[in-house]
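Quick one: structure below, then a few questions.
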Amino acid sequence: MEFALASGIGVLVAAGVYLLLRARTFDVILGLTLLSYATNLLIFASGRMVVGKPPVLRALVEPVRANYADPLPQALVLTAIVIAFAMTAVVVVVAMRNHADLRSDHVDGREPERKPDAGPEDERSRDA
Amino acid sequence: MLLLLLALPFVAALAIAMARGASRRTVAWLAAAAPVLGLGMLGWLTPAVMAGSELREIVSWLPQGGLALGLHLDGLAWMFAGLVLGIGALIVLYAHYYLAEEDSARRFFGCLMLFMGAMLGVVLAHNLLVLVVFWELTSISSFLLIGFWTGRQDARQGARMALTITGMGGLALLGGVLLIGRVVGSYELDAVLAGGDAIRASALYPAILGLVLAGVFTKSAQFPLHFWLPQAMAAPTPVSAYLHSATMVKAGVFLLARLHPALAGTDLFFYVVTTVGAVTLLIGAWYAIFQHDLKGLLAYSTISHLGLITLLFGLSTPMAVVAGVFHILNHATFKASLFMAAGIIDHECGTRDLRRLGNLRKYMPYTAALAIVASLAMAGIPLLNGFLSKEMFFAEALEAGEQSAFRVAISIAALLYGVFGVAYSLRFVHDAFLGRGPRALPVEPHEPPVWMQVPVAILVALCLAVGILPGLVIEPVLKTAVAGTLGEAAPEFSLAVWHGWNLPLVMSIAGVLGGLLFYFALRRLFALHDAMLRTWGRHLYHVNVEKLFNAAWAFTARVAAGGIRRSLFWMIVVVLVVGSAPFIGQEASLLGDLPAPQPMPALGWVLWAVLVASTLATVAWHGKRLTALIVIGATGLMVSVAFAMLSAPDLALTQLLVEMVTIALMMMALNYLPKQSKQARTPFRRWRDALISIVAGVGVAGLAYAMLVRTPDGAVSAEMLARSLPEAYGANVVNVILVDFRGFDTFGEITVFAVAALVVHAMLRFARMRPDEVMPGPPVQLPIPADLTQLLFPLALTVSIYLFLRGHNAPGGGFIAGLAIAVPVLIKYVLQGARAVEATFGFDYVRGISIGLLLAAAGGLGSLLFGLPFLTSGHVDLHLPVIGSLPLASALVFDTGVYVVVFAGALLILSTMGTVRRRTLAAEEAA
Amino acid sequence: MQHLVLAPIVLPLVTGAILLMLERRHDVRVLRSGAWIGLALLLAAAVALVARADGGGIEAYLLGDWPSRLGIALMLDRLSALMVLTTTLLAIPALLYACAGWDRRALHFHALFQIQLAGLNGAFLTGDIFNLFVFFEVMLIASYGLLLSGARGERIAAGMHYVVFNIAASTLFLIALGLLYGMLGSLNMAELAVRVAAVAPEDVALVRVTLGLLLVVFCAKAALLPMYLWLPETYARAPAAVAALFVIMTKVGLYALLRTGSLWFGDMAGPFEGFARGPLLVLGMATMLLGSLGVVGALRLRIAAAYLVLMSAGTLFVAFALAQPGTIAAGLYYLPQSCFAAAALFLVAHIVQRQRGRAGDRVLPTGLALPLQTGLLFMVTALALVGLPPLSGFIGKFLMLAAVPAGDIGWVYFSVLASSLLALVGLSRSGSRLFWRTVEDQRDTDSVDGQPRVTRMEFAATALLLALVVAMSVFPAPVLRYTTATAEQLLAPADYVREVRATTPQVRAP
Amino acid sequence: MRLAVDIATLFLLVVGCFFVFLGSFALVKLSSFFHRIHGPTKASTLGVGCILAASVLHRAIHGTGLHPRELLITVFLFLTAPVAAHLMSRAALSLMDRRPEAPCSGTEPEGHIRDDADERAEQQARERAEGRDDG
Amino acid sequence: MIARIFPSVPQSITVFVFWLLMAEDASPGTLVLAAFLAWLMPQIAARLEREFARIGEARILLPLGAKLLWDVVVANITVARQVLGPEDRLKPGFIWIPLELTNIHGISALTSVITLTPGTLTAELSADRSHLLVHCLHVEDPEQMIREIKQRYEAPLRRVFP
Amino acid sequence: MIDLMNLVISGAMVVVGCAMLLALWRLVRGPTAPDRILALDTLYVATIAEVVLLGMLDETEVYFEIALIIAMLGFFGTVVLSKYVIRRDIVE
């Protein structure tokens, strides 16, 4: 089971990283989403894998670690999920504006064919 | 007293800067007041200095760092201070007449005073760091002065070049001083001079020497860094006269003199300094001869003289030092006067080109007379001051060093110097004042205002006085200065014009004759000179600086090109390096002893398969965006179910809700983005990225696996489980952690959420954008689903409240509930349209966020009333008559804040995004 | 007043929330006065905190009255107090500058500004690593808002870069935190310090990776080579007042590096003592040089300013990586002054941009001579940033160089001095082109029509920053005394850990 | 009693799984969208309903007592499933090349459904390209 | 007045019952809370709805529900047969069904019912709400089908939602 | 009996899991957007079944909320995605 979780995280990371390195804003957003799944699972995994013992205290079940899953990573993941959502919202909107303002959905706001800037010769006069 | 002396010029500068609207005359008076007053003070102090006592004042600045504003006045400092103030006063007088109407006198004199102060600081400094401080200040103020005529390209270039070179030297000097401080343990001059042996013995000595000399050589324009000085001649002439003959360039040799006891006395010092000095001496002189620009000639001759002084200090014998100090004085007097004369010529003739000048004695006889005397002093003609120091130099050169070959070389250099010196002095005198000419001058030359001649006359008189009566006029001064330089090692000497027939005198005579010959052979030599190296230093500098700018630009542009992807790429590369480095050589430690893994339930495999397949499908379909979005929905679902399966119901709930809202958000965004990704045809990049991502995936999987198979020990959560119910009154430990144990995290988290909503709002509120593709027709009606929501909406709200209230004891809580309420409202938006919802709903989301945040803060701050820390939860059981017991935890207030923030934030995001088009249309209609 | 530690976080947050509410009234004066009241209170709190921290004690404030291992503890020591005060002092001129008009053009500006302060202060005060992450995010998201609110065109593209990069870095942060908790079972930094030292030998490599990843995150936020690419464009495109405040953001990464370094890699860290110092030193020097090269190559003044921020970050990396009491003290002296100076440069650049009209802040020769006061402001700023005497930049660098251990002298001296020189070359060129009338005739690029006039308030804001720089230069001794004490405190992590463990809840069981 | 309930539970479980599986199977097996949609909307919904009922029964006997609230999910599903199906078919209709014309009776053949993400965008790109040629 | 406090009585009842079911508790506290929510929720909803459903003959609902449940079971068996059998034996097609129901609540109820019953699925409601487009997986005789739907479901629904 | 019950529940989970895989197959294969939406919807429904079964197996009630929310969101997702396909603009 550990292997399955680890490999799942690995696949998510690989896919996320690959998409993160794409040139289009939307692909990058997808990549970030996948990466955030991966991180959530990873943090969650830091509490180890426990099946069927949610950390909701039940009467007559002694509150010790053997009987419940580790609640702390779950709380951390919750925070992480929320923050990731907030960030996604922002990046999505930036992507929209990027496309609207610069007429390109390239991550850098322009297609790479164009040179990044006018050369120094244009900007500098002959005055050294 | 010293502090006051030092402060004078700065005060003057400040006064000038403040004196807005003051007349030129007032400004000049203000500027003159400083050096005149200063001279007065110096005069008052003179007897004490001459008596050999040393004044010292120390103001604490940074005692821990050994930095104190320590000033002292010994002989050397006294001499230099006199030089700085005296010539300064003359320069102010001169400049007042020199400056044109359109030049800003305030700016000029302000900078000049700044410079004067800095220079005084250099000479008075007792702490080497303070010396460095003022040293750099001279560079900066000279930058401002050289670039005074900002409109002129050569002025700007010259200023920058001077700043670059001297700034470089200053930084090197700083390094050297720091190293000295390290060796000696103090920056105080006493200690440093006393620690000379320690310095010379230290392993750092070569570095120290190199760095300090770098400072000295750059400031004093020594070969090969001499080229900035001729360039600096673009400055107004008073500046050249002051900075580039009398004072600033002397700072270098001053430092050499200052640190002489500490640094000199090794072979390294001897050979480096003498060689550099000698080469500079010759090259400067040689170039001086062939300059057509009057100031160029003077500049190169200055370089040459500075080389001479350097050479003298390099020789290091006591008498050589005496000669060096003496020549500093002499050179300052005659060169300053020559510069001023050149300025007069420039001023009155409109040109400084020697090829166009000539025969000026007819037009300006007094000036001519003064200049001729001064240049004779420069040539080292007897009865003038230059002669004396030159003689001393010849005498020292003949005895230099232990090796005869070196001695011969130095002597030949000295002789050549004599020849060249006479030659360029002749060229100055002959080409400007004698011979034929002038040719094609823009104006008719005439005598300048008399007050412009006065400073020149004073200096020339000094030349004569020293040259004729050295014993009377200059000997006490020199002795005082030398005593300050060498301390107890100062030699006994007496100055006299006539030493009898000896080798130096012969050399002098040979020099004069050689110079005359040389001058008359000049025409032929011009070709030789042209064939020789051009002023390659400057050329090299320009090429290099230009290259530097372009290269720096190209480099940074190239490195920064590639934008986000390159950023991310590098980060991932760094991560991979950091992630793999610790395992190199100990691969075994990654997995350690593996305990048996837990068995996998069937559901696990299904989840795994769906997760992996949908993830890979997302990658495969990422170009088709809607498809990718739908497929990634399945990934999210699987992650949630995995959470559920692995005993994390709260996570599953949150993940699901967030997932759904995210998808809604992306769908809204997709409307304003291209529907498909353009696929770049860069297979290399794709393979490279694929490779990295696989490595990253494998790496993270490995780490996760290694972590998972280790048995945890000592995690703090065990205690949380135990204390959750009795102390925080909650059975759902995750929620208890969120609102109690780690409530502060949640506080931050909702802030993030709230701000995200505000950012979205801020970015889209006034944005005008149109979708790429607009479906024809009016908004579509979906009556049947809309009708269904009439039934579901109140139920969904109820579910939300249920989740909220149950949160502390069962999965749920403020966050989950907040999103759960946002979802049905969003459905309303989708099915009924934004206009309908917003017109009737009447809820200001921004204000909602604010209220929520304040509620959460209030929930946390409540405990402060009881003197308990922020977010300490309280708990009461209310017993009401009919209803029964009502458990109330103060965490509930906090959680309510969370609830409100999340609900309002989510809706602010969704409604802002959903209504972009409507606002755009409205704005376009209004326009 | 045990709750004072809380004030720098909660005060701006509450102010921000209230300002959000006041936005409804559409009266900018109300908003401004609210913001200023909040900031004044914050300043008072920050000063009080510094005074308290200077007493020498380390204080732990147990949120929720839970023992620090269970809950979150805010930590007050000299370093945190110093950082909080620096932030506040930087915020005052930034807000002043923004109040000259930008705050009316950027929606939610005041609220975002306050929340950004809360995030920064939270990051400086928290003693819990996950809470640090949360406050990083608070700070970042508010910075996105400040950068992007009212933004158009290129600024959006720059924002995209900034946002995506930081999200990626945050993701990495989370991965590292997950591994950290999984391996060590705690989140309290002091507690972790104890656990790090006691890691079983077979786990050392794994923990190294974990901590290494964490450091990568901090370095990325602090713009260490090669992860600095996000910085120049972002800072150069941000609104001036915002850019001025952003200057402190790279320092948060440095702060985190210093804090974790002192706790986890200090003299009680066992197998981790001195972890990663070598690479950090080398990369810090490279960053410094590269930053200065950027200054030389910059075509715009604001780009140059951004590279100067990079350069100062590099300097601080070197100072902290050397981990000597002297270098840390010098670095901590250098840190606030470089913040003030860099912020001032961004403001000056914006003033220049408007005074030069269409030429903007591009380093082009024009026929305009800028007013003397602008030139003076620039000059003082440039001197402080390059590290030329007599301003505080020089003092900081000098103190650092003087404390470099003997073995590292060569390269450190070379890189610090060479980078200063390069920066000097670059700035002298930009300065002479920008402030001097360099062509005799007016060109069409020189039109200044349509540019909002530079107000007195904007000058005042810039001058205020420079006054801080000058004050630090004239009275360096008290500051250095404080930072030296800070460095000593940092180099004795055992005290910190002991203090955290010894602080017990008021009513709960320990 | 317990036995009877257990048997009922088992029966419901088996039936539930069968229908859930059937729904998905239909999704895979059938050839066009309008055929496939019949499977999940009916079979899967009923299947889940059965499983929920089984769960209620199971809990009543083996767990903490009768928890009818799980039936709420069933109710919810039965309410939403047809409307969801309705929406999906509308979506499919909007993508059809030949949609059923205005109200009339009688049967009509099913048209081809375009792939939304793919074809429409391509077509638009083509149109844009042509438009540019004209201009 | 009543309408002001309880904009929609059915909705209030639904919420009340729903809450009690969810909370699985009938203590006084829960009842009070449920009553409060039963008042509050329709209030909120009322701001978003133009008109609430009015129920005519509510007692028909019960037999209709029973009939529907049976039909659903039958439908699933039918669908199972159709799915598992060879696909080429099916005769699928679209049918427009003219509506007599005018109440939108009735129409949506009918839509759901049609979808849940054998082999039929509503795809669209015409813009004037007079016809429903139904997709049939297997249709032998369209007229027969329309008749059956109208008689079996539409007629009772018209009584519920007049 | 309990064992048999658990066995059947586990078996049911496998069957429902297969149903999920089939839905996944359709999700990945497409070919049209409505097909994928339908597949996702089916996946949601099957997931509810899976979660309920899990709750039976673990004898805990904490999964109720999850199942409820999945049901709610499955519908919501379908609405949003379909609306997008129909109109592009999901909020008009």
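Note that the chains take the letters A, B, C, D, E and F in the order they are written out, and that residue 1 is the start of every chain.
Note that a residue touches a chain if its C-beta (ideal position, glycine included) is under 8 Å from a C-beta of that chain, and two chains touch if they have at least 3 such contacts.
To keep track of the chains, here are their UniProt names: A = Na+/H+ antiporter subunit C; B = Monovalent cation/H+ antiporter subunit A; C = Monovalent cation/H+ antiporter subunit D; D = Monovalent cation/H(+) antiporter subunit G; E = Na+/H+ antiporter subunit E; F = K+/H+ antiporter subunit F.
The structure displayed is predicted, hence computed values, not measured ones.
*Asks:* What chains touch subunit D and also subunit F?
*Replies:* Chains in contact with subunit D as well as subunit F: B.
*Asks:* For subunit B and subunit C, what is the smallest step count along a path of chains that touch one another?
*Replies:* Minimal hop count between subunit B and subunit C: 1.
*Asks:* Report the chain whose mean Cα position is at the greatest distance from that of subunit F.
*Replies:* B
*Asks:* What is the chain whose Cα centre is as far as it gets from that of subunit C?
*Replies:* E
*Asks:* Measuring centre to centre with CA averages, how many angstrom lie between subunit B and subunit D?
*Replies:* 66
*Asks:* Please compute the C-alpha centroid of subunit C, do the same for subunit E, then give the distance between them in whole Å.
*Replies:* The mean C-alpha positions of subunit C and subunit E differ by 61 Å.
*Asks:* What is the distance, in whole Å, between the centres of subunit A and subunit D, each centre taken as the mean of its C-alpha atoms?
*Replies:* Roughly 31 Å, centre to centre.
*Asks:* Can you work out the whole-Å distance between the CA centroids of subunit B and subunit E?
*Replies:* Spacing between the chain centres: roughly 74 Å.
*Asks:* Multi-chain contacts only, two chains or more: what residues does subunit B have there?
*Replies:* 153, 156, 545, 549, 553-554, 557, 560, 563-564, 568, 601, 605, 625-627, 645, 649, 670, 674, 700, 707-708, 712, 715-717, 720, 741-742, 745, 749, 752, 755-756, 759, 763, 773, 782, 784-785, 788, 791, 799, 810-811, 913
*Asks:* Tell me, which residues of subunit D touch at least two other chains?
*Replies:* 25, 37, 45, 67, 69, 72, 76, 79-81, 83, 86-87, 89-90, 92, 116-117
*Asks:* What are the residue numbers in subunit A that touch two or more other chains?
*Replies:* Counting only residues that touch two or more other chains, subunit A contributes 20, 25, 28, 38, 42, 44-48, 51-52, 54, 56, 72-73, 76, 79, 83-84, 86-87, 90, 94-95, 97, 107-108, 117, 120, 124, 127.
*Asks:* Which pairs of chains touch each other?
*Replies:* Final set of chain pairs in contact is A-B, A-C, A-F, B-C, B-D, B-E, B-F, D-E, D-F.
*Asks:* Write out the stretch or stretches of subunit D touching subunit B in their complex.
*Replies:* It is residues 76, 79-80, 83, 86-87, 90, 116-118, 120-121, 124 of subunit D that touch subunit B.
*Asks:* Report the residues of subunit D in contact with subunit E in the complex, numbered from low to high.
*Replies:* Where subunit D meets subunit E, its residues are 19, 22, 25-26, 29-31, 34-35, 37-39, 41-43, 45-46, 67-69, 72, 78-79, 81-83, 85-86, 89-90, 92-93, 100, 102-110.
*Asks:* Which positions of subunit E touch subunit D when the two form their complex?
*Replies:* On the subunit E side, the touching residues are 18, 21-22, 24, 72-73, 75-76, 79-80, 82-84, 87, 90, 92-98, 108, 111-116, 119, 121-124, 126, 130-131, 133, 135-137, 139, 142-143, 146.
*Asks:* Subunit B touches which residues of subunit F in the complex?
*Replies:* So the residues of subunit F in touch with subunit B come to 10, 13-14, 17-18, 20-21, 24, 27-28, 30, 33, 36-37, 40, 43-44, 47, 50-51, 54, 61-63, 65-66, 68-70, 72-73, 76-77, 79-81, 83-92.
*Asks:* Report the residues of subunit E in contact with subunit B in the complex, numbered from low to high.
*Replies:* 11, 14-15, 18-19, 22-23, 27-29, 32, 37, 41-42, 44-45, 47-49, 52-53, 104-105, 107-108, 111, 122, 125, 127, 129
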